[in-house]
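By written order: A, B, C and D. Residues from 1 in each chain.
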Amino acid sequence: MKKLINSPDDVVRESIEGMILAHGDLLKAHYEPNVIYRADAPLNGQVALVSGGGSGHEPMHGGFVGLGMLTAAAPGEVFTSPTPDQMLEAAKLVDGGAGVLNIVKNYTGDVMNFEMAAELANSEGIAVRNILIDDDVAVKDSLYTAGRRGVGTTVLAERICGAAAERGYDLDRIADLCRQVNINGRSMGMALTSCTVPAKGSPTFELGEREMEIGIGIHGEPGQARMDMKSADEITEMMALEIINDGAYSRTVREWDSEAEDWKEVEITDPPFASGDRLIAFVNSMGGTPVSELYIVYRKLAQICDQHGLTIVRNLVGPYITSLEMQGASITLLKVDDEMLALWDSPLNTPALRWGM
Amino acid sequence: MKKLINSPDDVVRESIEGMILAHGDLLKAHYEPNVIYRADAPLNGQVALVSGGGSGHEPMHGGFVGLGMLTAAAPGEVFTSPTPDQMLEAAKLVDGGAGVLNIVKNYTGDVMNFEMAAELANSEGIAVRNILIDDDVAVKDSLYTAGRRGVGTTVLAERICGAAAERGYDLDRIADLCRQVNINGRSMGMALTSCTVPAKGSPTFELGEREMEIGIGIHGEPGQARMDMKSADEITEMMALEIINDGAYSRTVREWDSEAEDWKEVEITDPPFASGDRLIAFVNSMGGTPVSELYIVYRKLAQICDQHGLTIVRNLVGPYITSLEMQGASITLLKVDDEMLALWDSPLNTPALRWGM
Amino acid sequence: MVTQSQVLAWLDRYADLIAEQREYLTELDAAIGDADHGINMNRGFQKVKSQLPTMADKDIGSILKNTGMALLSSVGGASGPLYGTLFMRAGMKVDKKQALTADDLLALLQGGLEGVIQRGKSQVGDKTMIDAFQPAVEGYEAATHAGKSVVEALTEAADAAEAGRDATLPLIARKGRASYLGERSKDHLDPGATSLAMLIRTLAESAAEG
Amino acid sequence: MVTQSQVLAWLDRYADLIAEQREYLTELDAAIGDADHGINMNRGFQKVKSQLPTMADKDIGSILKNTGMALLSSVGGASGPLYGTLFMRAGMKVDKKQALTADDLLALLQGGLEGVIQRGKSQVGDKTMIDAFQPAVEGYEAATHAGKSVVEALTEAADAAEAGRDATLPLIARKGRASYLGERSKDHLDPGATSLAMLIRTLAESAAEG
C-alpha cells in the first residue's frame, strides 16, 4: 500500500487536523467523537444541516461544511458509518434552536446509526429529522436488497438544502425539499481500479488490465457486473441510459414522526425523467481519475441529454464524492425546478465548493 | 492502460470540447490550433495573460482561464509543449491592445516554442513578453542542466498576475510582478506511482510496492532519487526543508527587449526564505492522491513552517497542477507581500478556482 | 452457572480472537462488502478490552451494557449498532446479576437476538449474522430443555452457530451491503455470521474453563 | 547530385521509419525524458508525409521549408522547434533548387546544424541530437573533401551520426529534460540523437536509390 499517510489508525484524525489548519476561517473540529462544524455555529434560529458517513469520500462531507451547505459533518472511520454518539455530538454542537436535518446515505450502517442518533437527540429535546438519499440506479431490486445506495445526489442535496437553511426555511420544509431532491436525482458509477482501505493495506478487489467494474458504490465494494473495458463514450452511454431510462422507483422509508415520537413508514416514488426536464448534471471522479477524463465523459453525457430532450442547466465536474484513490467515475442527473435552481445558485463558501462570494 | 478516453489521439480535443460544453458561460475554444480563451475576450485595454504547456496537468491551464486569472491557454498534446502557431493564435485571439504576457514553464520545449511565438507576435505588432517560471528546487545545478523546472508556482503566478491584469496593470508591470512571484516561489514534488501517457499506453516508469520517487517534475519523468517509502510526515519534512532551506538561486534568463526587438539576457536571483516571511502554501496532488492525504501533508507542513517562523497567510490544497493520474504530491511555498496578497484575494472566476464572486 | 469473572474472561478472549482474526474477517468482507468488518470489530473490542479492568467489580448486566455502549460508540458501520444493541439488550435481561443460571443465559441470548432482529430487520436466510445467531439461541434452548449442562448447551449453541455460518456460503444476501451484489454474493461466507459464531464459541469456551 | 524526387523520397522514407520506430523512440524517452519523442516525431512526420503529394512540383528549398513549418506547427515539445528550425534553415540554403550538388548538400546540412545549435544552445557532449548531427556534418564535409561521391559521403555521414548517437550512451545530459536526471541519465541513448541518426541514414539511402 502506498499512501501519503503516517499510520492507518491516524488517517482520519490527522486529515481533519490538516483541514482545520487550512480552513480555520470556516471550520472548527471536535475530536473524540469527531465532528467538523462551521466556525460560526450554532446559527440562531437557522436549521442546522448535518451529514456524515464513512471517511474516504473526501471532500464529502467535511469539505462541504460552510455557508450555504452543511453545518456539520460527522466523519466515521474509512468507509465505516460514524457512531450515534458522534452524530448526537454534531447535533448538539450546531443546533441553533430550529432543529437539525440529518442527510443520510442509504447504507445499513449509516441508516441504523443515524436512526439511533435521531432517537437520542429527539429524546434530549433537539428536533431532528433524517432524510435518506437512495439514488443509485445500479441497485435494481429494492425488495431483495437494502434498497438503492446513496451516492452522488447527496452532494447536490447538501448544497440545495444548505442554501435553503441559509434562507431560513424551517425544518419540515427543508426535510421536504431534501426528499424532493432525492427522488429527482439518479446516479450510477463505475471503476477502473480498486481502492485500498488504509487499515486493510491491500486493494479491496482486483481488476484485470482490460476489465472494469460497472454499477459500483462508493466503498470499493464490487459492483453490478464486471466487464471488458470500453471507450469513454460507450461507458458514458451505458450509465447515462440506465439513469435516463430508469422507471418510477418506489420504496418504503422510515422517517421520524415528531407527533408520535417514533418512526413512521413513508412510501416514496422517484418520477422518471421526461423530455423537457431541466437538469443539474454531475460528473464525479472516484478519486484517481483526472478531471480531463471527466470532461470527456461530460462531453458525451451532454450529447446524450440533448438527444433525450433533457436540458442541462447547471453542471458540476470534479472529484466530490470519491472512494479514496479509486479510478473511475459516476454520473448524477438531478431534475430541478426554479426553486432548486435559485438555491443552487445562491452564495456558497465551503473548502471544496465556492461561488457567489 | 485503463482510462476514460476514446482514442489516445482524441484525448486533448474531446477534453476541451467537454470543458466548453460545461463552462460555455466562461470559455470559448479555437480548434487546430487549440486555444481555450475567455468568452469575453479580447478585453479592451487590459493586458492578456496567456499560458500553455503540455496537456495532462489539468485543471492547469484551461481550468484557470477566466476572470482574474488567464485570458487564454494553449494546450499541447499530453506532456508536449504546444506549438508557436498555437501560442500566436492565442495571442491574436485575446490581445486587447495592451499586450500579452506569456507565462512559460521552464522546459526546453516550452521555452523554445514560446520564444518563437513571441518573435512572431512581436513582428506582427502584438507586444508580447515571456516570463519564465523556474521554481523546482529538486533541480540542483543550473549550470549543468536546463535550469530549474517550472512547477507549482505557475498556478500562483497565473492567479496573481491575472488579478493584476484585471486591475489594469500595464504589460511591463505585470511582467515584473510575474518575475517577482517566480523568484519568491519554490516547489518540490514526489510520486508514489507513475502515470500513463495515453499515446504510449503503459506507465512511464515502474515503482516497487515500497518505493517512491522524490524530486519529480510534472511529466512522469524520473525524479532526483528513488527511495524507500516513508511516512507522510517524513516525506513532507524532506520536501519542506529542501524548499525552506534553499539558498539564493541565480541564473540567466532570456527576456524580450522591446527596444532592441531582440532577446536580452537577464540575471535573476531567488532570495532565500527568512523567519518572519508570510507565505501562500500550496499542497498539490499529482492527480491520483486524494485530498484527504493532502491535508495530512498540509498538517505537517503547517507545523514545519511554524517552527521556522514562517506564517502561512493563505493556502491552496488540491489537484491543480497534475500529472494525469499519478499518485503523489508537491509542495509550493510563495513569499508574498501586501500587494500580492490583495491580488490573491480579489475576485476570481474560473472553472477550477473561484472566489469573491 | 456462568460467573461474573467468566463473563469478563469471555469478553477478553473474544477481543483477542477478533484481533487475531481481524484480517480474515476483513477478507471475507472484501469479497461481498467493503473490507472493514474485521477492522470494525477489532476497533470495538479493543475498546471493550481496555475497559475490562474498570469492570472488575461490576455486575454482569452493567458489564454487558457497558460493552454495548463501547461498541456503539466505536464500531460504526452496520456491525456497530447491531453488536451494540445485542450487548445492551442482553445486559438488560440480566441486570444486577453476579452469576447466570441456564435460564438467565437463555434470557440474555434471546434478548440479544431480539435486539439485533429489531434493529436490522433481517431473518434467517438473509445471509447476515442472524443466520448464525438464531440457530445458536435455538440450539442452546433445545439443549437446556433436554437437560444438558450450561457448558454442554453453550457448546451445542456454538456448533449450531458455526453450522449456520457455513450455511451462509451459498446464500444470496438480502440485507446489508452484500445485498447489492445479488447473485455475486453467492459462494462467500457472511462476515457478520462468522464473527457471531466466534462470539458464541468463545462464550462456550469461557464457561467451560471456569 | 540529389534530385528533388530523391528529397521527396527521403522525407517519405523517414516518415515511414519514424512510424515504425515510434515505440522504440518513445521507450528511449521514457528512460530519461517524458516518454513522447516517438509520438512527437511521428505526429510531425505524418503531417509532413500527408503534404508530400502537394509538393510534387515544388523546388527543394520550398519542400524543406514547408517541412520545417509543418513540424513547427505539429510536433511541439523540444523536438518541434529543433527539427522545425533544422528544415527551415536547411531549406533557406537551397532556395529554388531542383537538384543538389555536393556543395549544396553541405550548405544544407550546415545550415540545419547551425539552426539547431542556435535554437537549442547545446554542443557535442550535452547528450542531445547535436551529438549525432555535428559528427554527421563533419563526416560529410571530410568525405567530400576527400573526393568521395555524394552517396559515399552521405553514407559516411550516416555512419558518423550513428557513432555519435552511440556515444551518447555513457553521457550525463546537460540539456533538455534528461538533464534533470543528472547521473541517472547515464547508460541510456539520447532519443533525439537516435532520431537524428535515422534522418541522415534515410537521406543516404534515398540518395543511393536514385
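Following the convention adopted for this analysis, a contact is a pair of C-beta atoms (placed from the backbone, for glycine too) under 8 Å apart; a residue touches a chain by one contact, two chains touch by 3 or more.
The structure presented is a predicted model; accordingly, all values stated were derived computationally and were not measured.
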Remaining touching clusters (ignoring chain B, no chains moved): A, C | D
How many angstrom lie between the CA centroids of chain C and chain D, rounded to a whole number? 75
Can you work out the whole-Å distance between the CA centroids of chain B and chain D? 32
Length of the line joining the C-alpha centres of chain B and chain C, rounded to whole Å: 56
Could you pull out the residues of chain D that touch at least 2 other chains? none
Spell out, as numbers or ranges, the residues of chain A touching 2 or more other chains. none
Looking only at which chains touch which, which shape fits best: line, ring, star, complete or other? line
Using the touch rule from the top of the page, what pairs of chains touch, sorted by label? A-B, A-C, B-D
Under the touch definition given earlier, write down the residues of chain B that touch chain A in their complex. 2-7, 11, 14-19, 21-22, 55-56, 58-59, 63, 192-193, 207, 209-210, 212, 229, 231-233, 235, 287-299, 302, 315, 317, 319, 322, 324-325, 327-329, 351-352, 354-357
Which residues, counting only chain A, touch chain C once they are in their complex? 33, 54, 76-86, 107-109, 112-113, 116, 138-141, 144-146, 149, 197, 199-200, 204-205, 217, 219-222, 224
Parts of chain D lying in touch with chain B, wherever the complex brings them together: 26, 30-36, 39-40, 43, 72-82, 119-120, 172, 174-177, 179-182, 184
